[in-house]
Amino acid sequence: MDKNLLHGIIRAFLREDVGRGDLTSESIFSDHEIGSARLVARDSFIVAGVESVAAEVFKVQNPSVITVDAVADGTMARPKMGLLTVSGPVIDLLKAERVALNLLQRLSGIATLTAQFVDKVKVYAVRITDTRKTTPGLRVLEKYAVRIGGGANHRFNLTDGVLIKDNHIAACGSIRDAVEKVRAKIPHTIRIEVETDTLEQVEECLACGVDSIMLDNMSPEMMSKAVRLINGRSLVEASGGVTLETVEAVAMSGVDIISIGALTHSAPSCDIGMDWSF
Amino acid sequence: MDKNLLHGIIRAFLREDVGRGDLTSESIFSDHEIGSARLVARDSFIVAGVESVAAEVFKVQNPSVITVDAVADGTMARPKMGLLTVSGPVIDLLKAERVALNLLQRLSGIATLTAQFVDKVKVYAVRITDTRKTTPGLRVLEKYAVRIGGGANHRFNLTDGVLIKDNHIAACGSIRDAVEKVRAKIPHTIRIEVETDTLEQVEECLACGVDSIMLDNMSPEMMSKAVRLINGRSLVEASGGVTLETVEAVAMSGVDIISIGALTHSAPSCDIGMDWSF
Amino acid sequence: MDKNLLHGIIRAFLREDVGRGDLTSESIFSDHEIGSARLVARDSFIVAGVESVAAEVFKVQNPSVITVDAVADGTMARPKMGLLTVSGPVIDLLKAERVALNLLQRLSGIATLTAQFVDKVKVYAVRITDTRKTTPGLRVLEKYAVRIGGGANHRFNLTDGVLIKDNHIAACGSIRDAVEKVRAKIPHTIRIEVETDTLEQVEECLACGVDSIMLDNMSPEMMSKAVRLINGRSLVEASGGVTLETVEAVAMSGVDIISIGALTHSAPSCDIGMDWSF
Amino acid sequence: MDKNLLHGIIRAFLREDVGRGDLTSESIFSDHEIGSARLVARDSFIVAGVESVAAEVFKVQNPSVITVDAVADGTMARPKMGLLTVSGPVIDLLKAERVALNLLQRLSGIATLTAQFVDKVKVYAVRITDTRKTTPGLRVLEKYAVRIGGGANHRFNLTDGVLIKDNHIAACGSIRDAVEKVRAKIPHTIRIEVETDTLEQVEECLACGVDSIMLDNMSPEMMSKAVRLINGRSLVEASGGVTLETVEAVAMSGVDIISIGALTHSAPSCDIGMDWSF
Amino acid sequence: MDKNLLHGIIRAFLREDVGRGDLTSESIFSDHEIGSARLVARDSFIVAGVESVAAEVFKVQNPSVITVDAVADGTMARPKMGLLTVSGPVIDLLKAERVALNLLQRLSGIATLTAQFVDKVKVYAVRITDTRKTTPGLRVLEKYAVRIGGGANHRFNLTDGVLIKDNHIAACGSIRDAVEKVRAKIPHTIRIEVETDTLEQVEECLACGVDSIMLDNMSPEMMSKAVRLINGRSLVEASGGVTLETVEAVAMSGVDIISIGALTHSAPSCDIGMDWSF
Amino acid sequence: MDKNLLHGIIRAFLREDVGRGDLTSESIFSDHEIGSARLVARDSFIVAGVESVAAEVFKVQNPSVITVDAVADGTMARPKMGLLTVSGPVIDLLKAERVALNLLQRLSGIATLTAQFVDKVKVYAVRITDTRKTTPGLRVLEKYAVRIGGGANHRFNLTDGVLIKDNHIAACGSIRDAVEKVRAKIPHTIRIEVETDTLEQVEECLACGVDSIMLDNMSPEMMSKAVRLINGRSLVEASGGVTLETVEAVAMSGVDIISIGALTHSAPSCDIGMDWSF
């Protein structure tokens, strides 16, 4: 992640949580009181965002904070495992604590859920990806957590990928017309993907040489048929309500990519605490 | 919610999702094609953020978008119920769609979960509140959703409320010293709340006249004892891992306030779609 | 004061005064010419904002500027007393000079006036506070100066304190209705204060258990009556045109708090110069 | 004043005073309650910033607020004279009230003091100007108020005017060297002014053809001598501690410009209230 | 172009050129003086940015400005042809004039040069594209002008396209290793392009299935060989010093894309004036 | 150039070119791979912006980048001459490369063209200046390059200089009226310049004592007449379509200043490359 981009995001989150200062702590601690604390796992999970995000939160709050003993992102944490040790002015550790924990808990949750999906399909040559169903304002962080969990990213936003959907097709009259309109206008560096509901639509896509075909909410059986029909002439993405229970069946159909909104919109937060040692 | 504040937040979210434009839609639609769509519930839930947030997302994207037929925040939605109708340039409806849905789904989820907690304790004179465990960047919105669900807000950030915790007490030597230090420095408009783990700490709080006492992770029995001990001399807040299963037992202990982090960090999103009618 | 918040404010003030650069000094000095200067009191006053603000102005202009020999905020300065010594590129010292002096003169003026009020009432158990009548853009700094002068702060803005005034009461029909409406909606961490003009209103306030009662523009005699009536059941704040001449009489009435707009809107600037020693 | 610039300033001031909303008023009023109020003079003074600033504050808070019956800036207000009537959502009128009044009181104070100085010297061909001793963040507004009071503006910041002072001269060795260095580098659209303490320095200035000569802290007698010496070969500015008592004597010396820091740093606020008529 | 994005850019440019106001015009015109002016071609060229950019500059300066009679972007302008008529406060027309003209002249220059390149190769199935050699801060506008001129866009920035260059290859040891590293990490929505200098490198690219092959600074003969070798298995882009003289020879080689930095970094401005009719 | 101002500009340019990161390089290089590269002239030209701008681009991207061996701005570069060596994380050097080169090429182009104009008139006491026809967003940089090339700057924007043009004069009825209106309102620190087309207008200007007279699009002969007429009573600026071919004839007419829009709007970029040495 780009540091300048990240610092801007963190700064906004600290401003939200800290306001003009910590009324309680500033009444009790001076700027000169130094302390130390450790972020500790209270559960088992894949960590994401330790040195890359949580440590940066403390440093943005006060660049003089020292962070050591960070476990690498992607590590499987176990209960009581120390994840990061931070030292510096107590006031700044207290101000940054909530934001650092909030982010680390969410990102680790996403990495953990992603890893569970990835694990289910590890014998298949398939890529698990996220979607645009991320938390508003957190996309760059959440997509990072997906990568840490072993997943891959789908397009970041509406500008850096093309996905032709039903209302685009309806407006143009046919898949071919929509694809041609788009192909004529976009940079050649961007692939064209089309969302399909039926095998007829899949055939239309093949006829006009699209780069990726999204199979939207199809049954595994229908997906298998589609994959055989496509036969390597395009990337194939399965999409729509895939769960940990169904993901292997989807993978077995032979698709290249399975995109899962739940990775980012439904991953439960991990339990992480901050233990103080004044 | 303050419109200026809200618009700034929405603008940032749109920038994240839209980037420099919608490569697909801008290849297909001109600025002059007008369309109409309806946000529709696909499930039952308490809506939050319809006119107040989702409609504003469309209007920030393009002030010429017209929004009608908004159901009032707090309404119980049923599957297929229309929540909001938007009309305007198709391109702008498509650009705003994802952000509007993301927010509406999350906020409705929070309102719905809050309402479930509130409902469980409706015969008790107790207030259900949120915490600071909100999604970074969404606090002002999520706290609004809690209110729509019938809950109340705890302090917004570290500046507009005082909560004396264990490390503040440890640093001062005693609750009394911590309270006195804080009371001497803060505006008289802010109440002082102290987090306690034991009845001895509760007694110390009473001895120095704090405004609110937080009972942290106590059993309902211990909370009952604390409430009897306090006997109206201070507000009493229960905190720590309260669930839909345990909330009534907590309420029965006689506390005034039950704060629940799960309201904002664990509310599942509601299922809402956008149906087009070109 | 939060450094990040403070630096943002200072940066804006420097941009205002420096524009795109110092046309005169940049024609004469190179970036490599180093100089040293001393901020010196030309009068007697309580200093506020030396290391906390003025030194930061120079460092924001150029982080390589070194500041030493800062007297502590709250010190009584005497004519010719050195307050702060700054060393670094002459160009940057010249660019920061005006903003640093402007702020230090104003903040010291506020601290000095506050200290005069505090001194007048030092034998009474009363708190002198500011109001919202601060200079637009300078509130966080001016409220800091009030604290340095021995005063306390009233609410910072409309969000972190409640003050029910005449038009709120008029709109609700009675003090009780207004208080109940507000109490139902605000966080329990915020106290409710009501502005009163008559003893009847004071009684109404007591009947509904408000936290603080503001006695607005009452005579000292009437305030005494109100204090006796209230008898410890609420905090009591005196407000309205209190001067150095009248403050002791007000304090004698037994109120807990005296709020004074003049602390921030009418404190004369202190005389401080910058002596160069190339 | 440039509207875009002004609105940015006002927006920041409202954010400071309103925070995330008006906790009190939002508990009592809905967005639909409409009210009306009148800004009223409680004293006699020259008004500055009525339509140009105060009305804009209300409109920035909510563009649907209507403002009528504004008296023209520069009008002499008398006690009880209505200055501006505002109508719109009560909540927004309440949110904007304090900022609008704060600014109007300060700006009117500056215009009034400026007009007093201007009046003292009205029979002389002399221009009264401000300095850079303005309130940080308010320069564009305060310099506007000086113009309304009949004064003129000195340079706005360090970029749009040249003033060669003692340490510039010291660094160059002589006035001539300093002037030549500066003249070689600045745009030809900017005049060169030099600060002088002695008649020798004035002569040096004349010898190298400076555009304006500042007579710094000279007695009226010495200024007269300087004016005779200069004899129209340069503009002449008097500067340093000029008061309402001394300004006429200074003007009599024949200088072209008298610059007075007190116009902006010591003008007392005017008394203006806001009367409601629900 | 996204209006919100565009308005932010325009606002910054106006702030740069207007500063705090137009000292000359504000001394002469009041806000109430209305005027009208016409942007007129003084030469022949393809217009780009009339309604889309220049008209917006005037409206950002003052939303009450009315713009009519805009010729469509892509029109061939002839000397004396009116391009746009603007009416509104004279002061605002004067403030916006320079920025509007500067942008229109540059963008029309780019569209015109692009059209000349496109015209030279119109019988070939080849796409003329821009590069990242745009003017800093103007990329979104300049890439729009390329499209108006009949060209297409290459990647917008380093995030929305992949181009593997010599130092990437050197760091990985081989093209295959570089491609595999990149393919494993990027979204499947982005194509992979590799820069090649030799036919051996082209063969390496084909062996690992890259999406686009850039032929960097090759002679037309070598490009022909490369095209035959590639034989439709990848897109082929010619790059490096292509001019109006050489572009046809390059197109004849059979490449799919010719990217030309000169479109944006060397297009001469078009001559456009603003004629007033008070 | 003011560092804070410059860094803000550079940051925006990097954001434009880098987006959320360098997809290619981040797939290949870790943050820990260090490299070194040299900016090298490929042609002969006057360099502008080496240490002052290009080196800062790399440092803004990552403050740990080290820059050495910078040639001084104003140096005549020869092909293969090293201009600057940069060392640091390869990823950051790659991210900053394009922006650094784009700026250095443009600024050196401007300095080189300016130096050619200056050289043509070096035996005359005349100043070559820029205009407001700069690239939007780059004015502060481009005006710096003009100074490096030996030129001088005209006013920076509409606020820090006065230029009375034909529509100002038309609106006032006469030059005298326009000059008087302006003189009454502007700070005495700003000179008044008037644009003239005829000798009659020049005479009018002299009659009301303007500071500078612009001779707009006059022939050299007419300019000579104007200069003789003015005879030192005002600065004289020649303006309008001056080229390297005509500039000496213009200078011979005796004007003080020749302003040339082409310096900034038509200077060809210089050829500069970046050679890597991993």
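When the chains are written out, they are named A, B, C, D, E and F in that same order, and each has its own residue count from 1.
Keep this in mind: a residue touches a chain if its C-beta (ideal position, glycine included) is under 8 Å from a C-beta of that chain, and two chains touch if they have at least 3 such contacts.
No experiment lies behind these values; they were computed from the predicted model shown.
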{"item": "Neighbouring chains shared between chain B and chain F, ordered by label", "value": "A, C, D, E"}
{"item": "Mutual neighbours - chains that touch chain A and chain D alike", "value": "B, C, E, F"}
{"item": "Pair exhibiting more inter-chain C-beta contacts, A-C or A-E", "value": "A-E"}
{"item": "Chain of greatest Cα-centre distance to chain A", "value": "D"}
{"item": "Turn needed to bring chain B onto chain E - CA fit, degrees, nearest 5", "value": "120"}
{"item": "Copies chain D and chain E touch via same or different residues, half shared test", "value": "different"}
{"item": "Whole-Å gap between the CA centroids of chain E and chain F", "value": "23"}
{"item": "Rounded Å distance between chain B and chain D, as computed from the means of their C-alpha atoms", "value": "46"}
{"item": "Inter-centroid spacing, chain F versus chain D (mean Cα positions, whole Å)", "value": "33"}
{"item": "Interface hub residues of chain C, defined as touching at least two other chains", "value": "18, 20-21, 156, 159-162, 185-186, 190"}
{"item": "Chains touching one another, given as label pairs in label order", "value": "A-B, A-C, A-E, A-F, B-C, B-D, B-E, C-D, C-F, D-E, D-F, E-F"}
{"item": "In the complex, chain F residues that touch chain D", "value": "127, 129, 147, 152-156, 159-162, 185-191, 193, 211-212, 235, 237, 256-257"}
{"item": "Of chain A, residues touching chain F in the complex", "value": "1-5, 140, 156"}
{"item": "List of chain A residues in touch with chain B within their complex", "value": "12-13, 16-29, 33, 35, 90, 94-95, 98-99, 102-103, 105-106, 132-139, 156-165, 167-168, 170-172, 178, 181-182, 184-186, 190, 265-266, 268-269, 276, 278"}
{"item": "Of chain C, residues touching chain F in the complex", "value": "11, 14-15, 18, 20-21, 62"}
